[in-house]
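Take a look at the structure below.
Letters A, B and C mark the chains as written, and numbering starts fresh at 1 in each.
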Amino acid sequence: MIGIVGYGAHVPRRRIKVEEISKVWGTDADSYKSGLVLEEKSVPSSDEDTISISVEAARNALKRAGIDPQKIGAIYVGSESHPYAVKPSGTVVADAIGATPEVHCADFEFACKAGSEAMFVTMALVKSGWMEYALAIGADTSQGKPGDALEYTASAGGAAFIMGGKNVLAEIEHTYSFMTDTPDFWRREYQFYPEHAGRFTGEPAYFKHVLGAANGIMERAGMKPQDFTFAVFHQPNGKFPLRAGKMLGFSRSQMETGLLCPIIGNTYSGSSPLGLTAILDIAKPGDRILMVSYGSGSGSDGFIWKVTERIREAQDRAPKTREMIAKGKIQVDYGTYAKYRGKIKTG
Amino acid sequence: MDYWIVGLLMDSHLTINPFIHQSIHPSIHYPKQMMLNFKTTEDTVNREVVILGVGMTRGGEHWGKSLRQLFVEAALAAIDDAGVDRIGSMYIGCMSSGLFNGQEHIASLMADYLGQKHVPATRVESACASGGAALRMGFMEVLSGLNEVVLVGGVEKMTDVSTDGATYALSTAADQTYESFYGVTFPGLYAMIARAHMHRYGTTRKQLAEVAVKNHLHGSMNPFAQYRQKITVDEVIHSTAVADPLNILDCSPITDGASAVILCSREIAKKFANGNPSLREKPLVKITGSGQATDTIALHSRQDITELRAVAEAAQQAYKMAGKKPGDIHLAEVHDCFTIAEICVLEALGVAEKGQGGKAAESGYTALGGRMPVNTSGGLKAKGHPVGATGVAQAVEIVHQLRGEAGDRQVKNARVGLTQNMGGTGGSCVVHIMEAL
Amino acid sequence: MITPAEYVREIPAHHRLEAGRCKKCRKIYYPARQVCPECQAREFEPLSLPREGKIVTFTVIRVAPSQFSDQAPYAMGIVEVQPGVRLLTQVVDCDLDKIEIGMPVSLEFRKIQEDGEKGVLAYGVKAVPR
């Protein structure tokens, strides 16, 4: 049995409300809030980055896995905001959690899909028998151009999963990937902010791939939406995943647990992985979960998980995602947010 | 650059640098006795060390004067005050000429510019206690009989760098890896001492301010002080916050300055003093006690954050050597780099009970006219704090007082004075006791 | 500023909170040492410090060194993680007016310094309210 033996989340405590951003750019906050299905987004402080978020998420995953970090054979950090252009984030995580030196590290990048990519590869490595455990992380401190629609959603957070072959708390039943060459969102080398193709990011990009992967995996598995207790899709805003789920035949109640975008925004590589942690926090043995990520460029990874008995003992070993999100929130104004995110020119 | 080129360069560097392959010197094992207290010989016990001459520049922003000019000005003043015609050796306290001025090797530089060809000269560094440590070195040299006339100076030229540059240089006196790394400043470290002291002993914000008010009042009577204006408790409490609960008026300033003293044996001193009309009528000032100690460099490594153990240790040594108790001291110059520092120092010196240091300035006990005036010069707060010079400048003030030359700020019948100079948050401390003969 | 070599040397202390326990008198030192000041023993066993503690004393730095000025004002505190085992760090993610002596905190992995725009990023732990 291959699957998740430990999972952990980390979300920065700072938030900025849609109203605060609207006020600066003269937009109608209410229409943005209803259009994006989003109240506020998480903001990393100036001392938080993809590496620090990854380390904290990884520590929480280790607490739940209860394993010796020396037994982790691979650490992959998926992100579109690695602090270094050249130099891996993964090695910092590996040394910080005590997994070095016998460990394989790589940083993954595929827009918002980098985290699920890491999950896919680590499971394959464990399944192949090459290693006992492997750690996959999806984390981001993503940036939207000031005033751009992305600025209302681009946020920070991450999730970590330790994959293994025994004592799994959620078994992987099926995986499926769906990708095509679709430039809907990108950031060229040396550019600070990403570009996107406006409405082209919707139907021909997000929906085509998410629906493609979801339908593909259910077809392969011979399952229908009713076979799942929970479903979680990539959440560029609060609206897209709900619409995609509805088109696939999922009910709101199946999707609600993993839908975090309305309260933290789009955590990019952390998005559907964080949603999965929120589901695992309350899941019961036997529950089946569909997870579909999406990364611009474009592609989706689909996973079908089946929760095991071990979930009961693991859930309380580390902070639960929704409790973490609710606890100790700090609201910031646009000026503070701009300072933290390096949006103010000082030189 | 390609990796193989880097590798090549490194290899050739290794082969052309023979020192790289040399092994570290074998470890030295001292016999047990040497680790015990140093026992003074008959000869050194009989020798007495006198401060014959003193000199200093005014503390301030000396835009027109260089590091060497400041030092030479103070050294010449001390030489002229003593009336000596030769110097056997020099010790110079200086914390960070490297960071402030990009100049190391300043002992040689100062000997050269003081016109003292070929004299042995040594720089002494112990952060803000550099001056006090230099004084102790000079004291020991005269005591040993190796040289009969020794010049001890201190100098710091701090305004050639930006405030940020000065803050950085000063912060190197803290543990760079486990304190400064996280963004703490010196005001921040002392602020944490203050917070702990207030929390445990009920020391008040007003009591902290009283220290600065008293020292500014004293400084107003000292022509060598950097700040000569009086301040009020209200002004201190409402001055710009630096590191809560300390404000800008709780902190000693950034200062350019130098100070110097001439040390010699009592026999030599008598000879020179008799030939010097300005000294003939005044008492000679003898160093009767000297103590030095260290403590953990990192504040957080101390079990009691509010206790300055190095100060207490150094003071005990000095009291013992001088045969004095805290109550025998008539006046003291102590290291008030921050207002809280003076409070904790008075407790460590035994002048105030543990936890009661805050009351000393508030009650007037340590003010001019009080039972034991502290920092009649204005202290580091008003006189200024050219870090490496401070420990020597404290001796200058005590000598002026014991000779009866302190003018408006003269302590009546002052016969026994104490100087206390410390580095960092009290990681090092030097205490001297001086008496009028 | 932290050099790459120093960064690597300090990974055990800064990134993993590794301390040393004196094999003779059992006293714990953070960071690990070579000689025990209490008993002069020279053998230590490594251990990782707990990531929870309480504030022993604190301050709010309002005039900060340049590499920290973008964060000012920020709090710093001495955190006791075990009886007698303390470290100094920033106290973040809390209301600066609400910090008090005795406050329970957790230690989180954070970026501590950047060596300008181009140099290495230095990491360590900071205290956050528990």
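By our rule, a contact is a pair of C-beta atoms (placed from the backbone, for glycine too) under 8 Å apart; a residue touches a chain by one contact, two chains touch by 3 or more.
Computed from a predicted model, the values in this text were never measured in an experiment.
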Chain contact graph, described as a line, ring, star, complete graph or other shape: line
Chain at the geometric heart of the assembly (C-alpha centres): C
Cα-centroid distance, subunit B relative to subunit C, in whole angstrom: 30
Whole-Å gap separating subunit A and subunit B, where each centre is the average of the chain's CA atoms: 57
Interface hub residues of subunit C, defined as touching at least two other chains: 71, 90, 112, 126
In the complex with subunit A, residue positions of subunit C that touch it: 11, 15-16, 48, 70-71, 90, 92-94, 108-112, 121, 123, 126, 128-129
Residue ranges of subunit B in contact with subunit C within the complex: 164, 167-168, 171, 177-185, 187-188, 191-193, 195-196, 199, 240-246, 298-301, 303, 305
Subunit C partner contacts - residues on subunit A that touch it in the complex: 13-14, 45-49, 51-52, 55-56, 59, 83-84, 92, 95-96, 98, 328, 330, 339
For the subunit C and subunit B complex, residues of the former touching the latter: 2, 6, 10, 13-14, 31, 56-68, 71, 74, 76-78, 84, 86-90, 101, 112-113, 122, 124, 126
